[in-house]
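Listed below are the structures to be examined.
After this come two complexes, each holding chain A, first together with chain B and then together with chain C.
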Partner chain A sequence: MLQALEGVATQCVAKQDPAVTGHVWSVFLAPGQIVKAARKLCEAEYSLEDIFAMDFEEGFLVQYHFNRWTINERIVLRVLVSKDNPVVPSITSVFDGAEWHERETRDFHGVVFEGNPNLVPLLLAVEDKDLCPLCKTDKARKSIKDVLALGEVVSCSAEVEALFAEAEAEEASDA
Partner chain B sequence: MAAQDSVVQQDMLTTGGHHMDPPIVNMKLAQDIFDVCRSMSLWPMTFGLACCAIEMMATGMARFDMARFGAEVFRPSPRQSDVMIVAGTVTKKMAPSVVRLYEQMPGPKWVIAMGNCAISGGPFKIKDNYNVIQGVDTLIPVDVYVPGCPPRPEGLLEGFFELQRLITGKRWWPVAAKVEG
Partner chain C sequence: MSAYQNLEQMKGDFYTQKFEAGKQDGTLIINMGPQHPSTHGVLRIVIEVDGEYIVRAEPVLGYLHRMHEKMGETQTWGGFIPNMGRVDYGHAMAWNWAYVGAVEKLMGIEVPERAEYLRVIMTEFNRLTSHLLWWGAYILDLGAFTPIMYAFDDREMILDILQRPSASRLTYSNFRVGGLQMDFDDKCIELMKTFIPHFRARLPMYHDLVTENIILRRRVEDIGVIDQDMCRRYGCTGPVLRGAGVPYDVRKDEPYSIYDRFDFEIPTQDTCCSMGRYKVRLAEMEQSMRIIEQALEQLPSAEGGHIVDKAPKPAMKPPAGEAYFNVEGGRGKIGVYVVSDGGKVPYRIKLRAPGFSNLSAFAEAATGTLLADAVAILGSLDLIIPEIDR
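After this line comes the complex of A and B, so read on.
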């Protein structure tokens, strides 16, 4: 069980096959819970690997990878934000190194990290601030359920289940 | 961010571009002697932008040893350099710095565009490119182009020979024999 995140309100906790996904745990969170979750993981001696966003039909899925040196338990925290208002609280108060990852994500997808002390372009030139180069075209954009697998669910809210629901229904009809 | 750090302006070079005034007293023989001296003591800038810089370093080290041809002193400051080897991909964010370094070099100065990225954008010359300058010659005047991805050290040496030919009007080194087969 995922002890480290006890007390954090998760939307979905699922165990995944590391050989397939590279994660042991996949956790969906509401944007408001990410700082608390990061602090819990920091206290449990997890280190932050990276932060990035993925452009889906449902919105931007911001992903945080955490890992530990002593045991192989790679965790991905997933925060889904809408395209209209892609705002996530910054975790720089917990991991200072997150600042650059958040700036990179801001450069590439336009996801704003509230509370980041220096949210200026990291990789893009300053006049390309709103270029959003990794945002997909409508044609290339996919749905979350076509790209990600939910895995072995431990607990799951109705919202996250709904994200993956249709795919399961289709599979059932195929069978 | 200061105004000069932005690449919105099309022409980033100072007034007159790369134009340099002719010498006040111009004696042909003296100039020719100076030109030979300059071409045989080219001081490149220690300045690598991407993987081509690895080949540039190899060119400077013992195996290829560009010191044999008079270009051994890589200078850490543009104020002391004659040649800028643009070794690698020039991104839009890097462009103002490249231009500033070029402007800081005292004349006479030369530029070698090393590798396909610096020449034309190379593999980054695609429709979806948003961040790579399509050829460093859109920013600063280039004297010698050394194609390759990356070019071999021999290629860069050949670029230096060409630069020496440009400066003095003569090729100073033997041409490599063609390998049979």
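After this line comes the complex of A and C, so read on.
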């Protein structure tokens, strides 16, 4: 079990095979829990690797990679936000380095990080700030279940299970 | 009244104006870069100085932004490999490796043993060129011209060696999904074997010439302190982290390829200052040579060819899924995260650049130091701007 995140209300915790995905744990969170989760990981001596978003039919999937210097145990925190209101609380109060990663994500996908002290364009020019260069066209956009796999589920809410539900049903029918 | 006062551009651009909003009384705001020589081309830093002391600093990025991540989503999986050589011209092969490693993970491809050895040897040689480039340029930033001549003399020899199996001298893109484009020829292996003793004899001269030089020591010792706590908060890796006393190296801590077969050490320094990072890099060159020597020795007994049989074509279609792969580059942990939807074109490629995180710690490290020290700190981070801007 993932002890570092004890006390954080997770939506889904799944174990993944690091030889296949590079992640040991995959955790879905509600946006409101991300700061608490980051603080817990900071206390457990994790460091932040990167923050980025992906464009899916269900919304923007914001991902945070964490790892430790001592034992390799990469955790990916996933926060799904709607496209109408893509807002995630900023974790800069815990990890200062998150500021730039969040600004980059804001540049590329338009996800707003509430509480980031300096949320201005980082890599894009100021006049291009609403360009959203990594947003997919309707044709190219895929559903989460067609691309990602959940892994070996430890605990999961119905909400996240529903995201992957159809894919699992298809697999079952194949078998 | 001066004629310039009415000019709109005298106000500065968006970033200067925003920075100026927090200005204290009696301080001056200056822009260092993007044309300043010590920022290596295209990094800009807005600095608020009180006399000679830095009160605040803010790097402004994006002058070399080329949107590699978008390019990745518009071309085939194989077609993206040349981009990796352009992301970081210093240690291009580590980026090559991180990308093809991620795709191999996604497709479940096992690389032949010989190809692993060739990759290790070339990447370690490339690490030497990366550190030599940094060493020469750093001392040049600090005002000494001669060392870069020595560094480029040795670097040139490595480039001559590496161009034989890779057909390029700077922006390498000879990695392929499943192996490498070409095998080494006999001449190449011979050149490699003669280079190691040559360079080993040169390294003490580097130390005599520069490391113990009192002018250098006064410029870099206790300057730009980045300790363990800062490293964790900013996500610094590589020599910056090892200069803070943490023996973290992806080659040891998350072993990939065949690095677990070699006997080498992870040099660290506890001083957390620019000198610590300097010493770590110089010590790493010796360790790279140790790895190369062992790999060259074991190479003849390695099985397989330079690339896997039936290697995927550039228009390959990896199965849907995600894969994160990281390697130790000259500047730290290089991570590539790829997502496939089962098509010919990647769904998402995320590049985690070590320089990006290392530079984000600069503002805090530079606060309270002299303006001249900012140059010493910037150089000690070993910045390659195309990697930071991507």
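To be clear about the criterion, the second predicted complex is superposed on the first by the 175 of 175 C-alpha atoms of A that agree within 3 Å, B and C clash if a C-alpha of one lies under 4 Å from a C-alpha of the other, contacts with A are read in each partner's own complex, and residues count from 1 in each chain.
The definition used in the following text is that a contact is a pair of C-beta atoms (placed from the backbone, for glycine too) under 8 Å apart; a residue touches a chain by one contact, two chains touch by 3 or more.
From a predicted model like this one, the values you see are computed outputs, not experimental measurements.
Asks: So, does A:Leu131 touch the first partner chain B, the second partner chain C, both, or neither?
Replies: Touch status of A:Leu131: first partner only.
Asks: Between chain C and chain B, which one touches more residues of chain A when both complexes sit on the common chain A?
Replies: C
Asks: Just to be sure I read the superposition right, which of the two partners does A:Leu123 touch: chain B = first, chain C = second, or both, or neither?
Replies: In the superposed model, A:Leu123 contacts both chain B and chain C.
Asks: Look at A:His65 in the shared chain and tell me whether it touches chain B only, chain C only, both, or neither; answer first, second, both or neither.
Replies: Once the two structures are laid over each other on A, A:His65 reaches chain C alone.
Asks: Which partner does A:Glu45 reach: the first (chain B), the second (chain C), both, or neither?
Replies: second
Asks: Just checking: does A:Leu148 make contact with chain B only, chain C only, both, or neither of them? Give me first, second, both or neither.
Replies: second
Asks: Of the residues on chain A, which ones does chain B touch that chain C also touches?
Replies: 120-121, 123-126, 133.
Asks: Considering only the defined contacts, which chain C positions touch chain A in the complex?
Replies: 13-15, 18, 58, 61-62, 65, 67, 69-70, 73, 102, 105, 108, 231-236, 241, 246, 248, 253-254, 320-326, 333, 335, 337, 339-342, 347-348, 350, 352, 356-357, 360-361, 364, 389-390
Asks: Which of the residues in chain B come into contact with chain A in the complex?
Replies: 1, 5-8, 92-93, 95, 128, 130-131
Asks: Quick check: in the complex, which residue numbers of chain A touch chain C?
Replies: So the residues of chain A touching chain C come out as 19-23, 42, 45, 47-50, 52, 54-55, 65, 67, 69-70, 72, 74, 76, 95-97, 99-100, 108, 118, 120-126, 133-134, 142, 146-149.
Asks: Mind listing the chain A positions that touch chain B in their complex?
Replies: 120-121, 123-128, 131, 133
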